[in-house]
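Next come two complexes, and both contain chain A; in the first it sits with chain B, in the second with chain C.
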Partner chain A sequence: MAISVKLVRRPEAARSSYLRAALKGMSLTFRHMVNPRKVTRSYPEEPTELHARWRGTHRMEVHADGRPKCVACGLCPTVCPANCIRLVGGEDDQGNRYPIVYEIDEFRCIFCGMCQEVCPVEAIHVGQHFENAEYTRERFVYDLDRLMEQEHPVTALWDPSDPASE
Partner chain B sequence: MNELSPTASLIAAAVKVLAVFTALMVAIMYATWAERRISAFIQDRLGPNRVGPFGLLQPIADGLKNIIKEETNPATASRFFFVMGPMLSIMPALVTFAVIPFAAPLPTPWGTVDMIVADLPVGVLYILAIGSLGVYGIFLGGWSSNNKYALLGGLRASAQMVSYEVGLGLSLIPVMMLAGNVTLTRMVADQQLGLWYVLPLSLGFLLFLISAFAETNRLPFDMPEAESELVTGYHTEYSSMKFSMFFIAEYAHVITASALMATLFLGGWDIPFWTGDNFIPYEGGLISGFTAAGEPIAAQLSIWTTLLTLGAFMLKTTFFVVLYIWVRWTLPRFRYDQVMHLGWKVMLPTALAYVMLVGGTILVLDQLGVSAGPGFGLALTAVSLVATGMFALYLDRGRIITGAAPAGRAARAAPAAHP
Partner chain C sequence: MSTVTLTIDGRQVTVPEGTSLLHAAQEIGVEVPHYCYHPALSAPAQCRLCLVDVEGAPKPMPSCVTQAQDGQVVRTDDGLAREMRKGVLEFYLINHPLDCPICDQSGECKLQDYVHSEGRAHGRGIEPKRVFGRDDFGGDVLFYGDRCVMCTRCVRFMEEMAQDPVLTVVERGDRAVIDTFFEQGLRDSPYAGNIVDICPVGALVSKDFLHKARAWDLDHTPSVCPNCSQGCNIDIHTRDNVVHRLKPRENPEVNGHWMCDYGRGRYEWMNRGDRIEEPFVRGDGGWSAPGWHAALASLRERLEACRGPVRAVAAAHASNEDLAALRELMDRLGGGDIVYRSPRAPDEVPLPGFPVLTRRRDLAPNTRGAELLGLRRVGSDDATGGLEEVAAGAGALIALADELADQPEDFGSRAELFVYLGAHPAPAARSAHFVLPVTTFAEQEGTFTSVQTRVQRFEPALRAAGHAQPAWQVLGSLAASLAGRPAPASASEVFDRLAAGVPEYEGLSYDRIGARGTAVDRPAALAGER
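Right after this comes the complex of A and B.
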């Protein structure tokens, strides 16, 4: 493929007027100076708007009686590409499976959202939340109780009939 | 006008020194704040708005940070001069403000206090002499850092300062000719009676403005810093409070230059179209003007006039400070040869020609018997406007900014032969 060269027509440097250009620039900057519309978002005061499919901190859905919806099927630790979910399943008297240990290391997590997609009972979700600063690294391993306490909205799954989420 | 007793004038002088120094430092602090806020607004950002209301405490936070920051001393730097650089640059910047009158005289129970730290008879010359000493600090700092960028920055600063000092001094000569002396208080009094000098001496004002930008090393003349070429120029090796002192010096220069422009060309603390603030020394007393019959009217001093005129002075100075900031965030930096070209080949001849023009006009008007009054001012205004128009037309022909290659079609047709 031949290289195409775009010729930019510029006024000759020797013929351009510094004075007029400077005044033009001054008027432009003045208009921006007095224009109240600024692009900066005052973040902590003005909350960031997150997209419906934005993926952040996990959340475990809970039954009405307070038990986690998780049935310890083991799909999410299997599918997790970052290997950040630790699950030890147990079984109660009625034969219902439940998680004894369910931990997500939010540092290892790459927030791909595959755990949410693969979950057969819609128990684990990624959510619309990112303000999770901590003082120690250990605090970033969320255990089951912590995941159940999260209250932020969960991420919407991709809908094939509406691929651009419109 | 009742004179102060020697003791009272000593006390008044001490109080004025303290007050002006404090006010100047506060003004510098808020000039840095204004710089950051206005630059942010120009770039559609918000700027520092976290520390205090509207970010007004930001300069204090900056100062604290600079004081407790680690101070680095380059191993190969010449230690003595390295420490001396910032001191030498900050001192003249603060001292120049002493001769600028900032308000109408203040009546006190002990006598009338002039609102000027030192009413030197050689005011303008003092400013020219002391103001340009700041370059020694910059050059010493640049040289003693033992850093090639810093050295280049210092060299550029001194070359630029020398070049524009010429234009600066020459653009002031018409002012001195018009005022008839070099005392700043007398210049203010003269402007109160007649026109502000910005009208009869518009081209002088323009030349002074350009030179003042160059003298304070502000964009578009910030060759000594030139981040894109010289890291940060002369203060590359400086950190913490020593850097801050260069910074303070720059803003002190900006404020002093702004105050000087306000005093020399915008009537100082004069409030336009009001004779109540006119305090002209006349036969040992202060008068506010003359009646139609030529009788002097005694001036009525009051603390309110002093405060009002102080406000007027601050407003005018602020206008120029904002202009400085506005220009800085609009215009790109000149190339070094363009700075020199503008200084020596444009400013110097124009200023010289303008000195001749104003001198000639004054002479002709004197010969015609019009030596004072509105006719004199209007004639000079007309002459200066024509001169300014011609200067603008000259600049408009693309005389300052030219490409690196020689201008003209012939020069471009023959490509330069590379050895």
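Right after this comes the complex of A and C.
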């Protein structure tokens, strides 16, 4: 195969000059100097605003008398794709079905929110929360008491400002 | 027998005269929803759910009691039949609490199934539902009146099968509820647990199983009840390697659809955590755990060197394969007496409506199998005593699956070689030279021979504990290595050798025994039929 030569013409000075791009960039810079639009947040002093449907670590809703709302129906461990929920059901002294053991491994959790969607009594929720630093890995397995103690707002299943998302 | 040919859902089916439409539909794989009808009970046709559209009939017919006629045209799945079922199901849900999340029947509930497949998506009721709460029927049975669909299967079971009519329907209309007379409960009726099985909804639930596991999480393993020599066919329901309940598996020749509460309630021992998990060898320096290979090699050496007579004590809880392997090893070592002990109840407890099913006196599942292998029963009715003769002499002593609970701690100390094969640690095995872990019946494949001389297979429901192996594998490989044969690879291979040696089992194999067992008093040529 013969070698062919293609001649490439150098672009004209008007096109190859960096001057035009530099001026364009500088114009943006000066525009921001005149009219500053702040994008940097001073996190963590200023907390981040989370969307209504943000799915973070879980929270268990409680009744007014302090009992968990969970009835140990077993749907969340069944639906959980990451298999991160451990549930042992039992009966309390008033004859109500309740979870003796309810543990969520937040490390295994993929935060799909299906546990919240499937829950027939709106007990388990994913929450608007993501700051989860701990000193040990074991602390990331949230037991029932820990889940009930959580105070962060829970996730909305759809965006209230966007009715079409329902 | 004369037959009739009819058309169901556009398909022709020929059935014997007198067959109900429901059965005829089952013949071609069409399941007509029903509650009150149960194949083993009378059909009152009161649930109104099995209504089908019969051409020419003035109104919908209950398929469970309508006999198939020649040339009939039946539709179970068209608009009218579906519309009727939808309406009936809506009536059922008027007072049903829909507490599926906390109901134990959820996942195996017929109301759930039918409403999901054919019912309305949303209820239209606006009136408050009536509430009964729950009632303790005694025994293992708990009654949730709100969930009841009034099929009266339980009432008819107690009347027709248990023949102990302690249940009835009280009140009328929407206040109608199943109840016992004067709060007497089920009075410990020995077969009452079956009403939990036949209840199509969650109205009757087992106290023992209450809130323990969800139905869809349970694995079902076909097995044979190990609690008496009747050999009821059962399913072992397990979850995460734990047995949660035993349920009867239909076998018209042994247990019908039923099993007794005695057998149903005795499964906790399968979950026992105190297990021998490693083969242990006692040498000069005390106990060591050298692993199976070394332990069996040294046991083989010791067996070959042992001069005295060989004796063995087994339990009738061991499978035919285990006992056959023991027999073969004994024969290889020069033959010797094998004795077994098994508990025996003072009386039998038959199910009056189906007397074939009886809680037998022999409370071990394989006493007939042990007898056929030439084992000799010793000891008293509570499976104690009777081992003086075996323990006395020198020579080798093998104990298989008998925990020797009544024996002194120096049991077997006179024997030159004492081998203990068991699942659980036994204090009386302290002077054993070899303690070998074997699996329980729930962890291995095998067969039991029931009191009807019926060979029935069971399958492993649990994982073996630690390094435990089935006894047939341990004893079979020892016998095989003494004979210079390759070790048996499967339980069915051991059974084939057994079948060749015992005339009653002639011609049998695992394939021919099948899922429901084979009675061996029949000619071998017929044995494969079920």
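Just so it is clear, the second predicted complex is superposed on the first by the 118 of 166 C-alpha atoms of A that agree within 3 Å, B and C clash if a C-alpha of one lies under 4 Å from a C-alpha of the other, contacts with A are read in each partner's own complex, and residues count from 1 in each chain.
Throughout what follows, a contact is a pair of C-beta atoms (placed from the backbone, for glycine too) under 8 Å apart; a residue touches a chain by one contact, two chains touch by 3 or more.
Owing to the predicted nature of the structure, the values given are computational and were not obtained by experimental measurement.
Visitor: With the two complexes superposed on chain A, say which partner A:A2 touches: chain B (first), chain C (second), both, or neither.
Guide: Neither partner.
Visitor: Taking the superposition as given, does A:A64 touch the first partner, chain B, the second, chain C, both, or neither?
Guide: Neither partner.
Visitor: Quick check for you: in the superposed arrangement, does A:M26 touch first (chain B), second (chain C), both or neither?
Guide: It touches chain B, and chain C stays clear.
Visitor: Which partner does A:G74 reach: the first (chain B), the second (chain C), both, or neither?
Guide: After superposition on chain A, A:G74 lies in contact with chain C alone.
Visitor: Which chain makes contact with more of the residues of chain A, chain B or else chain C?
Guide: The partner that reaches more residues of chain A in the superposed model: B.
Visitor: Where does A:A133 make contact in the superposed view: on chain B (first), on chain C (second), on both, or on neither?
Guide: The answer is neither, since A:A133 touches no partner chain.
Visitor: If you stack the two complexes on chain A, which partner ends up touching A:A164: first (chain B), second (chain C), both, or neither?
Guide: Touch partners of A:A164: none, neither chain B nor chain C.
Visitor: After superposition on the shared chain, which partner residues are touched by A:G90: those of chain B (first), chain C (second), both, or neither?
Guide: second
Visitor: Show which residues of chain A both chain B and chain C reach, each in its own complex.
Guide: Overlap of chain B and chain C footprints on chain A: empty.
Visitor: So in the complex, which bits of chain A are touching chain C?
Guide: 71-75, 78, 89-91, 95-97, 120-121
Visitor: Name, in rising order, each residue of chain B that touches chain A in their complex.
Guide: Residue list for chain B touching chain A: 38, 41-46, 49, 326-327, 329-331, 392, 395-398, 400-403, 407-408.
Visitor: Which residues of chain C touch chain A in the complex?
Guide: Those residues of chain C that touch chain A are 100-102, 106, 134, 210-214, 216-217.
Visitor: Okay, in this complex, where on chain A does chain B touch?
Guide: Those in contact with chain B are residues 12-20, 22, 25-26, 28-30, 32-35, 37-40, 42.
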